[in-house]
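See the structures that follow.
Shared chain: subunit A. Partners: subunit B in the first complex, subunit C in the second.
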Partner chain A sequence: MKQAFIRMGPALPLGLAYLTFFVAPLLMLVAVSFFADDKLTVMGLDNWRKFLFDSFHWKVVADTLLLGLKAVCATVLLGLPLALVWRGASPFWQRVLLFVAVMPLLTSVVVRTFAWIVILGREGVVNQLVLGLGLAAEPLRLLQTELGLVISLTQIEMPLLLLPLLSVMARFDPNLLDASASLGASPWRTLFKVVLPLVAPGLAAGALLVFASATTAFISQSVIGGGRLVYLPSLVWQQAMINANWPFAAVVAIVLLVSVSAVIAVIALAGRIAGGRVHGAAA
Partner chain B sequence: MTLMSRRAALLGAAALGSAGLARPALAAGSVTAAIYPGAWEEAFREHVAPVLKRQHQIDLEMQGLFAVDQVAKFAASRGAPPFDCFVLDPGPRITAIDRGQFERIDINKLANKAQIPAGMADEWGVATGAQVVGIAYNPKKLPKPAGWDDLLKDPWVSKLGLTGFGTTFGTVSLIELAKVFGGSETNVEPVFTELKKVLGKVAAVGTPAAMPGLFQQGQCDIMYTNTQTVTTLKDRGVDIEFVAPKTGAVSFITTLHIAKGSTNIDNAYKYIDAAISQPVQKALSEAPYFFVPVNRGVALGAGLPMRSLDEMSRFVTHDWAKINPLRAGWIDRFNREMAK
Partner chain C sequence: MARRRSASEVSYALVVGGLATLALVILIGPVLVVLATSFTDSRSIRFPPQGFSFRWYELLLDEVRSRQIHRAAGNTLHVAALAAGLATLGGTAAALALAEARGRWARVADAFFMSPLVLPGLAFGLAALMYFTLLGFRPSLELLVCGHLIVVVPFVLRTVGASLSQRDPALLDASASLGASRLYTFRRVTLPLIAPGIAAGGFLAFMASVDQVPVSLFLSSARTDMLPIRMWGMMESTLDVRVAAVSGTLIFVAFVLMLVMERFTGLTKRMRG
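After this line comes the complex of A and B, so read on.
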C-alpha cells in the first residue's frame, strides 16, 4: 500500500486536479442530462428521448464523425509524404521542416481560422488566382462548404499529426530501407510493408489527435462551415448558451464524447495491431 | 513638555489626517458587475471604471459573462449573488424578471435620470446602450434596398448573408422579414417558406460573430445588422451603408440591473449612474466602440437613422415575453431548414 503510494505519489497533484476539474464536472454533466426541464427541477429521460428518436440529430452525429475522418484522411495524405521527406533530409533541413510544421501551433486557432476566410472567400486569394488564370468565370464557392472546412482543418490540425509521426520517424532505422531494397522490394512495397507498419503507432497517435480536434473544432466549424453545416459542437453551444436548455446540451455533449471516443478507440486499436504485428515479428 | 505636546499634536493631526483620507475609501469599497466579454468589457474597463474610482473611490470588478450565463450563474448561486449588477438584452432580461433575480430600482436615486429618454428605464433596470437594427449593404456593389423583402429578391439575394435566431438582432430581423410576408411577432413561418425558395442563391449563412468578417471579405454584400457593426466596419474603410427599411428600423435596449440580494446596493446605483452619465456615454459612442447612447446630452453619430434619442420611440420594438417561449423552437427549425 505504502509502496503503491510512493509509486503513485508524483502523479497525485495532477490526478487530484483531474478528479476535481474533469471527472467531477463530467459526472455532473451526466447528472444534468437526466433532468427533464431547463430549470433542473424534474428528473426524466425526455431530453435523451428527444435526441435519440430524431433522425436530424443522428445526421448531425454522422456529419461530425465524417468531418473528422475526412480531416484525418487529408492530413495523413499530405502529412505522411512530408514526414518521409523530413526523414531523408539533412539535419539542417530537418530543423527547418520541423519549425515550419510546428509554427502554426504558435498562432491562435482563431487567427488561423479567420485567415482562412481571407484565403477561401469570394474575393480571396484562391478565387483571385482561379479567376486571374481564367479557370472559372464565377468565383468558386469554397467558404461555407464542407470542402472548404476540410481544407482549412487540414492545415489547422496538421501539426497534431506531424509531431507524433516525426518522433516515430526519427527512431526509424534507415538500414531497413536498404535491406528491403536489397531483398528486391520496390519502393512502394517497402513503403507499405516496412515503413507504414513501423510508423503506424505514430501515425495512429497523430490521426487520433487530428480526429478529436477536428470533430470538436467549434470555431473553425462555425466560422468556415457557416450556418448550413450543423455539427455537434455548435448544437451544444446553441442549446447551452442561447436556449439555456442545459439538460439537452448535456445530452448532445455526452453523445459527442461517446461517439468521438468510440472512433478514437478504433483508431488506437488499429495502430496497436499494426505496431504490434511488426514488433511481434521483430521479436 | 512643550516638545511633547507639539509631537502629540503632530501625531494626532497625522492620525486624523490619515483617518480622514482612509474613510471614504473604506466606506466606498467595490462593486462587481457582470459584463459581456469582448467590446463591452473593454469599453467599461476603459471608460466606466476610472469614473467610478475618481468620483466615488469605488473599484469596479467585472465578470465577463454572456447574458444566459449571468442568469444561470445567479440561479446557481442560491441567494448569494455572484455579482451586484447584470447587463442584459431584452430576451434574457424577461427570463431574469420571471425568475425574480432583480432588485427593484428607484430611478430617483440616479443623478442622471433626467437625461434618459422615456421608455429606457423602468422598475427593474436602466438602459445603458441601445441597438438600432436594419439592413447593411455595400453601395459599390448593390443598389440601395428599400425594405426587408428586398433581401430575398434579385440582385440582393445572391449577395445576402443570413444569420439565424441565435442573437437578438438576428431574431428581430427575421421577425420583421416574416411580417412583410404576413407573419407576426409570434409567427415566423413565412420566413421559412420564403427562405426555402431562395436558399440556393443565398451567398452565406453564417454565425453572427463571423458576419462582419464575411462582409469585409466580400463573401456577402448585404445583411441585417446593427448600426454599431456598420460604423465599426466603416471606420476600418469597408464600403458599407446602413438603411432603415421602409417598415422602420428595429430598436432594443441593453439594460443594467441590480442583482437580488446584493449587499452593495449603494455602489450598484453609483455604477449604473456612472454608466449612463454624459461623459461616459459620449466616450462609449465614439471609436472604437460606437455604442448607441442613451443619454440625451450626447450628440448622435452621423451613421444613425435618427436625429435625437426621442425619435427612437417611433422605431419597431418587440415583446420578448412572447418571443422567449418560441425562440428555442425557431432556432431548432432554422438548423433543420438550413442544413445541407
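After this line comes the complex of A and C, so read on.
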C-alpha cells in the first residue's frame, strides 16, 4: 500500500490541480444550488423546487437528452458504413480516410457551426440546390429547426465516433468475414451477427463521446437551433449570465451533469455487456 | 439460392457504399464551403460566393478595424500555450505514475483524470466561474489557463498512456540488468520511446484549448476575450464575412499543423489508438 502510494507520487501535482480547479468548483456548484436568493444569503431548496415542479423544465431535459440520442443515431448511421469501407480499403486509402475523419476535429467547433449556417441558410447551399432544381417554390427553413441542428451535429460530432470505432475495426480479424461468407451468410447477416457484436465496444465508446459533446454543444445549439429551441446548456447560460440567477443556473447545470452522466453510464454498460458476451463466446 | 445471395450482396454494397459516401460528403463538404465563402467579393455569405477577392482577409489583417479579433486571437494562443504546456508536464508525469502503479487505485485515478472528457463542459464552466468569483478573483487569463488545463489534460493522458502501454517491458529489464539506474533508464529508454506520444498529446491539448468553448464562455470577459467566443458573437450579431476569413485561416493552420504532426508523430494513428 505504502509502496503503491510512493509510485503514484508523480501524479500528485496533477491530482492537486484537479482538486483545486475541478473538484472544488464542482462542490461549490452544488453548494450554490442550495441557496434561495441571487445574493446567496438565505439557504433553501426553493430553486430545486422551482426546477422540479415545472413541466417546462422537464421538457427541456427530455429535449436535450433526445437531441443527444438523435445525434448518436445519425453519426452511427453514417459513421459505421464509413468505418466498414475503411476496413476494406488499401493502406493508402486508409490513411487518407483517417485524415479526412480527423480533420474536422481539428477545425474549431465554431468554424464547423459557421459552415452549417452557410449551408443551411435561406440563401445557403441546400436552398440554392432545391430552388435551382425546382424541388420547392420557396426556400426551405432549415436553420432554427431541430432537423438542421441534428444534421449539423452529425458532422460536428462524427470524428468522435469514428476514432474509437476505427481502432476496434483495425484489430478485427478479416478471416472472420471470409469464414462467415463461406458458411453461406449474406453480407447483411455477417454485419449483424459477426461485425456489430465485435465492434460494439468501440461503437459504445464513440457513442458516449458523441452524446456528451452533442448535449453540451451550446454554440451549435444556440446559433443553428436559434432561440425557439431550448436545451439545458442555453438554460444554464441564460440563467447565469442574463438573469444572474446563480442558484437556479447551478440547479440546471447539476441536472445537465447528472442526466448526461446517467445516459453515458448506460451506454458504457451496454458496450461492456456486448463486449463481454463476445469474449465469453470466444473463450 | 445463388441469385438471392447476389441480390443481398448488391443491396449491401449499395447501402453501405451510399451511406459512406454521404458521410464523406458531410465530413468534407462544410470545410470546402467555408473556404470558398471566405474568398467572396460580396458582403453576404451567400453560396456560391460572388466574385473572388482577398478583401475579407485584408480586413482581418487590418490592425485598427480588426483589433478585437487580434486581441482575442492573442489571448487564445497565450492561454493555449500555457494550458497545453502545463497539461503536458502534469499529464505525462501522471501517466508514468499510473503505468507504474497499475492496480485498482491506478484505474480509479485514471477514470478520475479522464472524466472532464465526458463531463458536460458547460456545467464545469459555470462551476469554475462561481468558484473563482466567490473566492474574490476577477476575470483573467490565468484563470482561463486553470480552467483549460482541466479540460485538455485527458488528451495528454490518453496518448502518453497508449505509448507507455506499447513499450516493451523487456527493454526496461535489459537496461536494469546492464546496471542502469532507474533515472538513466527513464532518460535513455522510456523517454525516447514515448516522446512522439508526448508530442502528439501536447499538440492535441493545444488544439483543444484553442477550440475550447464551454469554459471560456463563463471565464472570459471583454478584456480576456477568446477567439471562439468572439466568433460566436460575430455570428449571433452581424454575421460578418470576416468570420469566414477567420475560419479559413484556422482551417489552413490546422491542416498544416496536422500534416507536420502526422509526419513526425503519426498523429492520426495515436488519436485512433
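The rule we apply is simple: the second predicted complex is superposed on the first by the 279 of 283 C-alpha atoms of A that agree within 3 Å, B and C clash if a C-alpha of one lies under 4 Å from a C-alpha of the other, contacts with A are read in each partner's own complex, and residues count from 1 in each chain.
Please note the rule applied: contacts are C-beta pairs under 8 Å (C-beta built on N, C-alpha and C of every residue); 3 or more make two chains touch, one makes a residue touch a chain.
The model shown is predicted, which means the values in this text are computed figures rather than measured ones.
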Fit-or-clash call for subunit B and subunit C when the two complexes are aligned on subunit A: clash
Which of subunit B and subunit C A:223 touches, first, second, both or neither: both
Partner chain(s) touched by A:101 [first = subunit B, second = subunit C, both, neither]: second
Partner chain(s) touched by A:69 [first = subunit B, second = subunit C, both, neither]: neither
Contacts of A:123 with subunit B and subunit C, given as first, second, both or neither: both
Subunit B versus subunit C as contact partner of A:111, first or second or both or neither: second
Partner chain in contact with A:18 - subunit B first, subunit C second, else both or neither: second
Touched partner set for A:143, first subunit B, second subunit C, both or neither: first
Subunit A residues touched by each partner, larger count belonging to subunit B or subunit C: C
Touching partner for A:249 - first (subunit B), second (subunit C), both, neither: second
Partner chain in contact with A:270 - subunit B first, subunit C second, else both or neither: neither
Residues of subunit A at both interfaces, subunit B in one complex, subunit C in the other: 114, 117-118, 121, 123-124, 222-223, 240-241, 246
Residue ranges of subunit A touching subunit C (in the complex, touch as defined): 4, 7-11, 13-15, 17-18, 20-22, 24-26, 28-29, 32, 40, 77-82, 84-85, 95, 97-119, 121, 123-125, 128, 151, 154-155, 158-159, 163-164, 166-167, 170, 184, 186-188, 191, 208-209, 212, 215-216, 218-219, 222-223, 233, 236-237, 240-241, 246, 249-250, 253-254, 256-257, 260-261, 264
Residues of subunit A touching subunit B in the complex: 39, 56, 59, 114, 117-118, 121-124, 143-144, 146, 222-223, 226-230, 234-235, 238, 240-246
Of all residues in subunit C, those that touch subunit A in their complex: 5, 8-9, 11-13, 15-20, 22-24, 26-31, 33-34, 37, 44-48, 86, 89-91, 93-94, 96-98, 100-101, 103, 105-106, 109, 112-113, 116-124, 126-132, 134, 146-147, 149-150, 153, 207, 210-211, 213-214, 217-218, 228, 231-232, 235-236, 239, 243-244, 246-247, 250-251, 254-255, 257-258, 262, 267-269, 271-273
Subunit B residues touching subunit A - in the complex, by the definition given at the top: 66, 68-69, 71-72, 75, 95, 162-166, 203-207, 209-210, 213-214, 217-219, 327-328, 331, 334-336, 338-340
